[in-house]
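Paired with chain B in one complex and with chain C in the other, chain A is shared by the two complexes that follow.
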Partner chain A sequence: MSSPVFRGLAVAALAAAIPALPLAAQELRIGFASEPSSADPHFHNVGPNNQMRRNLFESLVGTDEAQQLLPLLATSWEPISDTAWQFNLRQDVTFSDGSPFDAHDVVYTVCRIPGVPDSPSLFTTYTGGIVDMEVPDPHTLIVHSAEPYPLMPTEFSTFGIISARANGVDGAAIEFSPDGCGDLNYPGTQAFNDGSAAIGTGPFLMESFRRGEGITLVRNPDYWGEPAAWERVTMLPLTSAGPRVAALIAGDVDLIENPPLQDLERLRSDDSLRVVQGISNRVIYIHLDHEQVPSPMITGTDGVNPLQDIRVREALSIAVNRDAIVERIMGGVAVSAGELLPPGMFGAHEEGDLPPQAFDAERAQALLAEAGYPNGFGITLGTPNDRYINDAQVSQAVAQMWSRIGVTTEIDASTASTFFSRRNAQEFSAYLAGWGAGTGEMSSPLRALLATRNPDTGMGGTNAGRYANPEMDAILMEALRTVDDAAREQLLRDASRMAMEDFAIIPLHYEVSPWAMVATVDYTPRADQYTLPYDVRPAQ
Partner chain B sequence: MSVTDQPVATAIAVDPGKRWRIARTVAGVAVLGALALLFSGFGVASFAVRVVLLVGLVVLAAGLLQGRMHKFFSSPSAYVATACLLLLVILAIFATEISPQNPYDLRQLDIMDGRQPPGSTNFSGTMTYHLGTDEQGRDIWSGILYGLRVSLSVSIVATLIAMAIGVVVGIYAAWAGGRIEAVLMRIVDFQLSFPSILVALMLMAAFGRGLDKIVIALVIVQWAYYARTVRGTALSETRKEYIDAARGLGLPDWRIVFGHLLPNCIPPLIVISTVQVANTIVLESSLSFLGVGVPITQPSLGLLIANGYDYMLSGQYWMSMYPGVALLAIVASINMVGDRLRDTLNPRLTR
Partner chain C sequence: MLVFLLRRLAQSVFVLIAMMIVVFFGVYMVGNPVDILISPDATPREIEETMARFGFDQPVHIQFLSFVGNALQGDLGRSFVHGESAVSLILSYMPATLELALLGLIFSVLIGVPLGVYAGYKADRWQGRAIMTGSIFGFSLPNFWVGMLFILIFAVELRWLPSTGRGDTVEVLGLRLSIFTADGLSHMILPALTLALYKASLVTRLARAGTQEALMQDYVKFARAKGLSETRILVVHVLKNIMIPIITVLGLELGSMIAFAVVTETVFAWPGMGKLLIDSILTLDRPVIVAYLMLTVIIFIVINLIVDVIYTLLDPRVRVKGEAA
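Let's look at the complex of A and B:
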């Protein structure tokens, strides 16, 4: 009677007798649109990986839904001189193997970041500016930079901290050097994928990671903060939109990211489901060729590059009916853009201060005539067809609108990898693309898309239109040196306005990211478009 | 008077077969010429050229069936399939005149009219979208007509070129024999061992989008079928007495091949080429559906279906369904006509 088997059966029977609700509520299944390439937090600086990383490895600084900074492993931070920031770290935090967290782990992490083998894109973008790190006591970290570095706390929100002790390294003995700290027994990427090195301070522990099949997480019972609401989280890669929606409707998953726009209406009308949406930090824009004469895909101008004329750029911008695109192509799930970052984010103008260019086809035609192209010209618009929401359709709509004012537009659509390599080779006179401000503030798009290109400093890294405006560069550089928040924000706004009034780029809209879920759970939309299981709550 | 007229009248009445042969040749040349004109860019939209094309096609088909018309139409399904095919071909050839909108002219599209259900009128009230619109505001009915034209012309041109290449390779292999035959046929075997959709996908990924590129890709994946068929037929024909007789007369090889061998290899070619046109349409549609075929601003049937596919689950069925029905109709009617042709032209089935 009291054999273990019998007891096991009795427990099972009891468990079965208890209503399934609490059990079900403990497990969360999420259908993801894209899957991380690795569980290594420093392997690949790309959205799906950074999203996955937040479950297991925390950063010093956290970000909220609107990408404003908040304390995480650091409880506070302040500049102590023009070129140094002090971070005060949280006490009593342990890694999942039991080793305590302190400032040496941060140094260890920053030491590992530049040397991850075979990394497709390193996190040195965020740590490259660090010239020295000091640890006056285990829970205080002082970070030095060569130049004034107002974005330092933002940079520390981008990478997760791994444990030195768990890898058999005595943190106190590490000598930090920006050129490398020597061989510190860094775990390999494979060790993260098989779970042996997946030791972090995050709210979840990794149970399994199988590419193509899914990731399972279990609650970290020793988490320093509020424990996660879910005992177990299953993350399934459902990369095709149709099957993802079908899985939600069939009850195979509890929450999906990026339900296709055309299904939102139907999902909303279903009482057992919930749809939430929030504006993202990603702007969809058209960049124009400011440099090449003649420009590769322009016809009918006798070798002149018409895009160097501000009147032509303005005409192309006001010829686009942004509201029509938002309503018709994006199904209302987007917001017309007047600059490169939506209102409410750091460095963006307040709502209405720099509104989207109003649609005016007649004035566009007049401007073209004034610029010497009364009969327009021919142009080809390059676009990816699988990267952004409805990207090729948006491009076609723009082509319609440009063709109407006499600029005969053809579309050159290709898959993202092909598109981006051709874009970087400056094969397009005009191309549609998107930019998500990873740091959540205006310097990100300005630095990448509009600053004069300089491969050494990384400025203008994605400025394939080669816009160059020394005046704007100067304001932007000053902003990047200004530690005072209010002054920096004003400088960023000035730089943005200057570029927009020069029609340097044609912002179209900000993507709005939707999530769909069963009505028993709730999620607050995030501007960074991440789906974080920790923030998914059982509905009230 | 009647005495002098007599010989002339009999001369004309004597050989109806010969007149059909002449008509067939003239029609064939006219069709090829019209196709070449339509594709070369001269007189692209010229109405007269397209009338010639249609008349030529009809005469060519009638000439082909001359004397066997009764047999061809002995099944009721032949009437339906032929009528359906003829209708679709007319729709495709005269798409410009019939369609209310030019779906390839971006200036005529209005995204404010996007995703309208069938029967709705456009924003300015000037036309009715009988089959609805896709998300760009493209009239589905016009899109189908133009798409039919793209699908049909791409497939026919690709089939003709592939057939020409295949015939040359096949006959040469059969005639030359020995090592040349072995090498050529192993190339054919090698080519046919790959699924054609896979080869075409790789080619299109390398070439990029465009009508000319899709034709090239389709030719590359199709020629081997013809080469194999022609070689088989030619092999059995070369053993026949009339070839020996021609050899015995001391005719040069090229005359035997083109004057005697080739004409006798044609009936099976016609049958497989009709079926291949249908296959080519399906292949072209698949490529366009997968996003590597025609340019997105000039949709063929496959791309129209792909455009609407995202909306299928959302209840906006018309964007995919009507082009799908059109694709089904054209492929089914070509296949049925091809079947009837096979039954009519295959001498073995008459025994």
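Let's look at the complex of A and C:
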């Protein structure tokens, strides 16, 4: 027992045996369903990374649970002309290395974004519209765009701010230009991962970032806002659902995201656990091929694409019993959808104004007959089988419902990595997929899924059904240029209604995201499905 | 001997090249990584630029040639997902897998050898038959299921051991290891046991066969005649003689334990190479997949080579055959 190893073991065992309640009470362990690919806030524009970055690097504008905008590093913002926004920045904020935060740091951040090496997905999506930035005084920032840009504050909520001074750059000397800001020194992605450049204004500091093993955060003692409730947060990547639930029940973690539906009942029945759930910004939909003649996976129509007929599209939509899918396949943990964004979010209709299409198989059959397909036709529905909650099962159910009205439907299910490549190559006549409105407003799904595809303007980027409706495009474009919120919201509603009445796409349901946790903590569900340790509270 | 080694090396290089071609084109055909990695909000122009950044806009044979060109200079590319060199990424996951495989190996010997020797000693009695029947479970139960069962019993119900993760680590000779901390070791027990179950059954069967054979040998009869205790005969004399084939087999199995601990690592969220491989396959991270499988091939080749060399050293008959050919 005298070897150093054994002595170490004995000490460790003893230390573990001494109860350290106050400390343990301030420690939070979270089991995550996915892992960020890097700690660099600008390396990869993807959910897990953006969720992680909010702990360390704050953005000018924040978003609340329903994705409404909140002041964060900017205390207020307003349009000062058709093409310029002014952001008034918070005073007395410092980065974790002690350097003060000011408008030059924002300019420096926007300068870094287009040039992050080896990035699989840049944030230029949100900064590409900026043509100039002005800093009249250190806590005022004026951002110019070429065209009216009502979404600018929303898009300033997507990227975290890094410090110019901490990276040896004199912020005041930066000459902003949309094509690059000259030869500035930027930290490498590796420097964020090893922690040396992980300098932000957020409520936490990064203690370690270890791929596969987890990330540890500690409270930022100098945070400008209410200090975090947790001295220490351990974020463990538990990517398989079963082991994630087991870890919660075994007491190895305090909170998990995305417990699988089949376990919710059991978790709810346990008094020492708490389950919360909230509607997300993600709609599950079926997109139809509006363009190709003949459409690749349709049989029995002599080369005609029946989906170009609005009566057929309506028939396919009302043949789907959405409530049955929600009830039986989603276990009640989903909400039937009438458009592409749930009620309560910006640009969506009020509850009941644009309700989900009611199930009516008889009328669907009549519509098919009217369209000239009394005996139906054959179609294959493409679907991923590991991307959305119960995606393949939902597709199976839709296939049965369609077959019942005479549209013989087969399923072509594949793993996400194959599915999305095939979908983008327009291999499917109909496919199931999901869309999360990153900006939390109706312009996001309309622009991506239904606007006429135009690679130059970036419209219709995920419109693999190639829906094209110039009238709707016009309303949408006007909305995207309207800075006044009330007017914009009305335009977005009009555009959405127009597309839904044209049966451009078949919305199925909105995903509801659950979280499970020990009863001693509480979390408010977020529409963006993020799990943010700062918002996890000790239960009352 | 030299001819034998050279021939072996030439074969290995051929296997490596074939592997590289198959994996590269296989992964290429599955899909386009940019389709999964890029934000759905990205504009078509950004998608094009990202494709160009990774070289996906080039025809596949050009992509392959530039990959081979870099590989010959020892560069297997950078991970699309992590932006880091694929090889250093894999190496950073390696210590976790190695220590898990090693502990698994130790468990399989500690469980398998005593059970096997005892089963051989009591071959015709119920104890021996019970052990042999039990070992069938070890062979046939799927790893995933066993892992979940262990978690349910030891972590969820009894709460003796943690269900997931790696626990505390310490740095030993520049490698971060769990095996030298109490907390880390407690995290290793369940995954190592899961990994060891199959090998332990294998060892049990080998040890039983060996023991049965050894018990009929003259030296055992002589030892008994000398009046040595049964325990001493088994532990000292029999054990020594049956260990050679067991070690040979375990040496080979170590390779598969390192390379294919995927399932166990996924169930226990153990941050080893197997988990990296699965994640990389799901995101079509081609450089990592190719580098991982090439590394696996190298591990197998090296282990096989070492085993062959040891054989020729231990057993003159192999050497003679090799020279005659």
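In the analysis below, the second predicted complex is superposed on the first by the 519 of 540 C-alpha atoms of A that agree within 3 Å, B and C clash if a C-alpha of one lies under 4 Å from a C-alpha of the other, contacts with A are read in each partner's own complex, and residues count from 1 in each chain.
Definition applied: contacts are C-beta pairs under 8 Å (C-beta built on N, C-alpha and C of every residue); 3 or more make two chains touch, one makes a residue touch a chain.
Predicted, not measured: the structure shown is a model, and the values here were computed from it.
Q: Have a look at chain B and chain C on chain A after the superposition and call it: clash or fit.
A: fit
Q: After superposition on the shared chain, which partner residues are touched by A:L122: those of chain B (first), chain C (second), both, or neither?
A: So A:L122 only meets chain C here.
Q: Between chain B (first) and chain C (second), which does A:A486 come into contact with in this model arrangement: first, second, both, or neither?
A: After superposing on A, A:A486 lies clear of both chain B and chain C.
Q: Could you tell me if A:G251 is touching chain B, chain C, both of them or neither one (first, second, both, neither)?
A: A:G251 sits against chain C, while chain B stays out of touch.
Q: Between chain B (first) and chain C (second), which, if any, makes contact with A:I325: first, second, both or neither?
A: A:I325 sits against chain B, while chain C stays out of touch.
Q: By residue count, is chain A touched more by chain B or by chain C?
A: C
Q: After the fit on chain A, how big is the angle at chain A between chain B and chain C, using C-alpha centres and going to the nearest 10 degrees?
A: That angle rounds to 40 degrees.
Q: Contact-wise, after the overlay, does A:A173 reach chain B, chain C, both or neither (first, second, both, neither)?
A: neither
Q: Just chain B (first), just chain C (second), both, or neither: which does A:L70 touch?
A: Once the two structures are laid over each other on A, A:L70 reaches no partner at all.
Q: Kindly classify A:G242 by the partners it touches after superposition: chain B alone (first), chain C alone (second), both, or neither?
A: Both partners, chain B and chain C.
Q: Would you check which partner chain A:S403 touches, where first means chain B only, second means chain C only, and both and neither mean what they say?
A: After superposing on A, A:S403 lies in contact with chain B but is clear of chain C.
Q: Can you give the closest approach of chain B to chain C, taken over C-alpha atoms and in whole Å, for the superposition?
A: The answer for the closest chain B-chain C C-alpha pair is 6 Å.
Q: For chain A, give the residues common to its interface with chain B and its interface with chain C.
A: Comparing the two interfaces on chain A, one with chain B and one with chain C, the shared residues are 242, 246, 386, 415.
Q: Enumerate the contact residues on chain A facing chain B in the complex.
A: These residues of chain A touch chain B: 241-242, 245-246, 260, 262-263, 265-266, 324-325, 328-329, 385-386, 390, 392-393, 396-397, 399-400, 403-404, 409-415.
Q: Contact residues on chain C for chain A in the complex?
A: Within the complex, chain C touches chain A at residues 30-48, 50, 53-54, 78, 80-84, 89, 92-93, 96, 148, 151-152, 155-156, 159, 162-166, 168, 180-183, 185, 266-269, 271-272, 275-276, 279, 281-284.
Q: Of all residues in chain A, which touch chain C in the complex?
A: It comes out as residues 5, 8-9, 12-13, 16, 31, 35, 37-38, 43-46, 117-122, 124-126, 128, 189-190, 210-214, 236-240, 242-243, 246-247, 249-253, 386, 415-418, 420-422, 424, 435-436, 438, 444, 448, 453, 455-458, 461-462.
Q: Within the complex, which stretch of chain B touches chain A?
A: 105-107, 109-112, 114-115, 135-137, 208-209, 291, 295-297, 310-311, 313-316
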